[in-house]
Structures are given as structure tokens and as C-alpha cells.
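Listed after this line are the structures, all set down as C-alpha cells.
Shared between the two complexes below is chain A, which pairs with chain B and chain C, respectively.
Let's look at the complex of A and B:
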């Protein structure tokens, strides 16, 4: 069983925001392509750590995680592999949003 | 430089824009915005004399009370002109500027946008030293701006506000701090993604630019921290596609108001819909979560959110939800989001 840990603040950016590169330098699309797609393609378990970032704008998290479904990943497979971790309870709402975006995403959007 | 760049003829009489005594979007919206519209008209659609534009100045000495939101809109206007044409207005009759106007203009960074000679600079500094020891009621942080969602900028602004106003920082939990920073990021993102996408803007744009500022304000015994994000886009009511807005507004207002959207909805009602629902100018179901997330932040942190966009104006508080004012007669020329947090002990 292969496991990968992605710490957003350390491995990607302390300032994630926006959907695409046009929106900003640390967009959801970039995070998805650089980290999530390889992680979900090559691993059985993907742990994403949220700590170290001062909140996550919805367009970043929706594009990163909901975008996986639009790219053809099976949402049940994503949910089975994904674990979202954080030390501070302040991130609970962002975790809930991410899970909701995966569940709500459809291929035809 | 934009296409309409026209040489200024300094031999021609100067056009002087006279702002109202109270330059404020909350206390004197119509006159303040009319003044800004006048400035924009003279800058971008001037009446030429022999093919040349008359010099323009704005007389800030006529202002007795300058409110931060209006000052930020003015700063953005001066910044736009500077970025597009490299032109800076000369401040006039500086000696006559009120303490409050001089102090706020200085703090916000307005003088960096104006052509201020060395002589004037030393005069300003002397005045500011005197003002520093008087009972100053508004202190501001220098405005920041960007044309992409570079989050470091807005996070730094919030951090600096907390440093300047420690009592504000003490009121924020870690979760509140996150909600606040998320809201600021959402606001600048809204400008970058939606505000300028509509096209048909009356005046030239400087990229998908937004401006933000923060102030500490004392009104009588009450103290407030305020944050502002402004853009010069088409406004929320215009950028929302009619079809989606119509559907969403009908859903939101069902049971509260006539469902016949053909009656036409005011700008205020459209802003309200955008805040209360996941309506977006992109018409995609996965979009349009940004403005509701801004509302969510206010629900978490407390305080008041005021949105002025197009001709509409709404206020959101957790206690009262969204309340609308009647539409104004003049378009703001963009969207202003203003968060107010009370610093009083409750």
C-alpha cells in the first residue's frame, strides 16, 4: 500500500488562492495538476494537511478537489483514498467544504 | 498608456473639480460619486480645446470630512490615471486642507499618487507632526493594490492592522483570523475573476485591478477597525448573468416578494441575491461561492459587511441578515466591500 502526504503550506504555498494561473500564482488548478493528480494516480492513500495556511478560499479548494472529478477521477475513489488532516480545529469547516465539493462535482461542468 | 492619451495644454485655464464638504459614500453618496464621475469624465472624455486637454485639479481643500471608503475610491481613480497615462494631479491649497483630510490622505498613501514638490512635502510633514498630537479620529494603513490574487498582499494588510490595533487582534480567534483572511482573498478574487469580465466598461481598466485599505476609526466613544476592497469593474448587478440571477432570485425571494422577474430587480436586490446564493457570472454550478464565503466570514467573526456595487447598496450582519437601501441614482463605477468590526467591549 502506497501512501503520500501533501502538506499544502510546505509543499505548495502558504498563500493558495484562485482557480487558474490567471487568478494568481498558487491556484487550485496548479495544485491539482502538480500534486493531486500524481498523488491520486500513483497512490492508494493520499493525506492532505491543511495547517499553516490562513484559510482556504472556496475557488481554490473547489478547483483543486472538485476539479479532480471533472478530470475524470471517480469521486468514490477520491473519497476512499483521501484523508484530510489538521492540528487546529479551525480547519474543520474547510475540510467539510472540500468533501462537499468532491461530492457535488460533476463531469459535465 | 491608453488610446485616448491627449496632451495637456498648461496654457489653458485649469478645470478645478470641487468635492463636496462631506466626501463619504455612507453620508453623502450622491454628491461624492457625482464628483468622482466629473473627474473621470474630464480625464477620459475631455472637451478638447484645439485638440488639447485642459489641465485638471481636484480641490481637496473644500472637503471638511473625508471618509475612508470614499478616499479609497479617489485613490484608485488617481492610481488608474497615473498607471494609464503617467499623469499625477497637483494638490492645491494644501495649507487649507483640514487636519482630518490631510492626515487620512497621508496615511492612505494619496500623496504618493499626487505630484507633490519637496517644498510641499516638508509643509505636509510639519502639519502632520502637529496633527499627530491632536485628537485624531481616523488612522489608516497605506492602501495596497494588485491585478492578480496575490494573497500575501491582503494578508499583510490584515496583519498590519492587527499590529496597529492590538485590541482588534485580541478579539480574533484563530478561526476568525482565517475567516477574515479568506474573505479578503475572496474579495480580491471576485475583482480578478468577475468584475472586469463583463466588458463594456465606461472607462479604461488597469488590468483586473483591486485596491484595499484598512483603518482604525473612533466615533465618539465607539471604536472600529475597518477593511475595504474596491474594484473599478462593471459591478455585481451587471456581471451576474440575467438568466441565472433570475432563477436564483426567484428561488431566494420566493414567498418574500413577487416572483415575476419581468418587473425588474434593483441593483440592491441583485447584490442581495449574489450574497445569499451561489449565483455567479460564470453560470457554472461549481462557481459563485466567493461572495457567500465573505458573508460566512462575517457570520463567524461578527461585525458588518457593506457592499456598494453599481447603484445598489446592501448591509449584512449576522443578526439582521441582508438589508437593502434604495438604489442610488449614480453608478459607483465599481464595487466596494467594507467590513466594520466593533472594538468595544461587549
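Let's look at the complex of A and C:
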């Protein structure tokens, strides 16, 4: 079984923001293409660490994780592989957002 | 009538032990009340801070969704960063130990996350945002609802 750990603050940015690449240098679309797509394609388990970032805008998390479903990834497969980790309870709401956006995303958006 | 007899254990030691236990109990009760008072004071201060942050979130978010900004001045990115940071600050306050016993915590937290999703979702971060009256109405209503919940929690 292959496992990959993505620490957003260390591996991507401490200031993730925006939906597409025209919205800024640390957008949800860039995070998806650079980290999530390869991780979900090549691994059985994907651990995403949320700590170290001073807040996630919903446009970023929706584009990154909901966008996976729109790109053709099966939402049940994503949910089975994905584990979201954080040390501080301040990140609970973002975890709930991510799971919600994956469940709510549809291919025809 | 039997003559009064002196018992060392009953007449001398027992009162000393009892009065010592009484003093210890009084001190323990005082200490527990003191600790609970300190916790309550800390929680009240944090709730006041939370109320201020929510108020600022509501005001800034309404301002953001009512206006378009000139990208050259960097004003939009600046206000976006402040909004994201303020919401995270609210979550950090609620994650503190003093709030773990607060019965309203889950409700307040749920509403703050709902407000955050409303504010920072859809086209948040895009320069071609349209003014959105439904969103503005939701921001104002949720913001006031959270502040009322926090004020009610402070009174408990």
C-alpha cells in the first residue's frame, strides 16, 4: 500500500488563496494539479495536513477538492483514500468544508 | 450519676482533628471557587474578544462584497487576507481549553463556519466579483445571529 503525506504549509503555501491561477500564486486549482491529482492517481492513501496555515478560504478548498470530482475522480474513491490531519481544533471547520465540497461536487458544474 | 471522665482521644484529639479538617475543607472549597471564577473570567474575556472579531468579520466581509477594488493598489488582496485571518482567529479562540465545557460552543462554531463559507466561497479572491445582495443579506444576518449567541453565552 502506498501512502503520501501532503503538508499544505510546507509543501505548497502558508497563504493558500483563490480559485484559479489568475487569482493568485497559491490557488486551489494549482494545489489540485500540483499535489492532489498526482497523489490520488498514484497512491492508496492520501494524508493532507492542515496545520501551519492561518486560515483557508472556502473558494480555495472547494476548487482544490471539489475540483477533483469535476476532473473525473470518483468521490467515493477520494473519500476512501483521503485522511485529513490537524493538531489544533481550530482546523476542524476546514476539514468539514473539504468533506462537504467533495460530497457536493458534481461532474457537470 | 457517673462521674465525668476525661478521654484523651475523644476530648482532646477529636476536636483538633475536626477543626483541622473543617479548615482544610473551607480552604479547598475557596480554592475551587477561585479556580472556577478565574476560568469564568477568562472565558468572558475571550467571548468579548470573539464578539469583537465576529463584528469585524461581518463589517469587513460586507465591505468586501459591496465593493470592487483596484488590483494595482493591492487593496483586495489585503482585505481578503484580513478576512481569512479573522475567521481563523475566531476558530482559534473557540479551540481553546476554556471553551471545551461551553454548551453553546458547537452552535457558535457551526454558525461561524457557515458565515466563513458564505463570505469566502464562490468568487472570493476573484477580481471580477459581482455585487451580491443575497450574500450581503446573509452576511449581515449570520453575523448578528452569531453575536447574539456569543452575548447569550457570556450571560450564562
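Everything below uses one rule, namely that the second predicted complex is superposed on the first by the 109 of 109 C-alpha atoms of A that agree within 3 Å, B and C clash if a C-alpha of one lies under 4 Å from a C-alpha of the other, contacts with A are read in each partner's own complex, and residues count from 1 in each chain.
We adopt the following convention: a contact is a pair of C-beta atoms (placed from the backbone, for glycine too) under 8 Å apart; a residue touches a chain by one contact, two chains touch by 3 or more.
Here the structure is a predicted model, which means the values were calculated and not measured.
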item	value
Superposed partners chain B and chain C on chain A - clash or fit	clash
Which of chain B and chain C A:66 touches, first, second, both or neither	first
Chain B versus chain C as contact partner of A:32, first or second or both or neither	neither
Superposed model, chain A: greater residue contact from chain B or chain C	B
Chain B versus chain C as contact partner of A:23, first or second or both or neither	both
Contacts of A:49 with chain B and chain C, given as first, second, both or neither	neither
Which of chain B and chain C A:104 touches, first, second, both or neither	first
Which superposed partner A:96 touches (first chain B, second chain C, both, neither)	second
Footprint overlap on chain A, comparing chain B with chain C	15, 17-19, 23-24, 54-59, 62, 88-91, 93
Touching residues (chain side chain B, partner chain A) in the complex	148-152, 155, 173-175, 177-182, 185-186, 189, 192-193, 284-287, 289-290, 293
Residue ranges of chain A in contact with chain C within the complex	15, 17-19, 23-24, 27, 54-60, 62, 88-93, 96-97
Complex contacts: residues of chain A adjacent to chain B	15-19, 22-26, 54-59, 62, 66, 70, 88-91, 93-94, 101, 104-106, 109
Residues of chain C that touch chain A when the two form their complex	77, 80-81, 84-85, 87-88, 91-92, 94-95, 109, 112-113, 116-117, 120-127
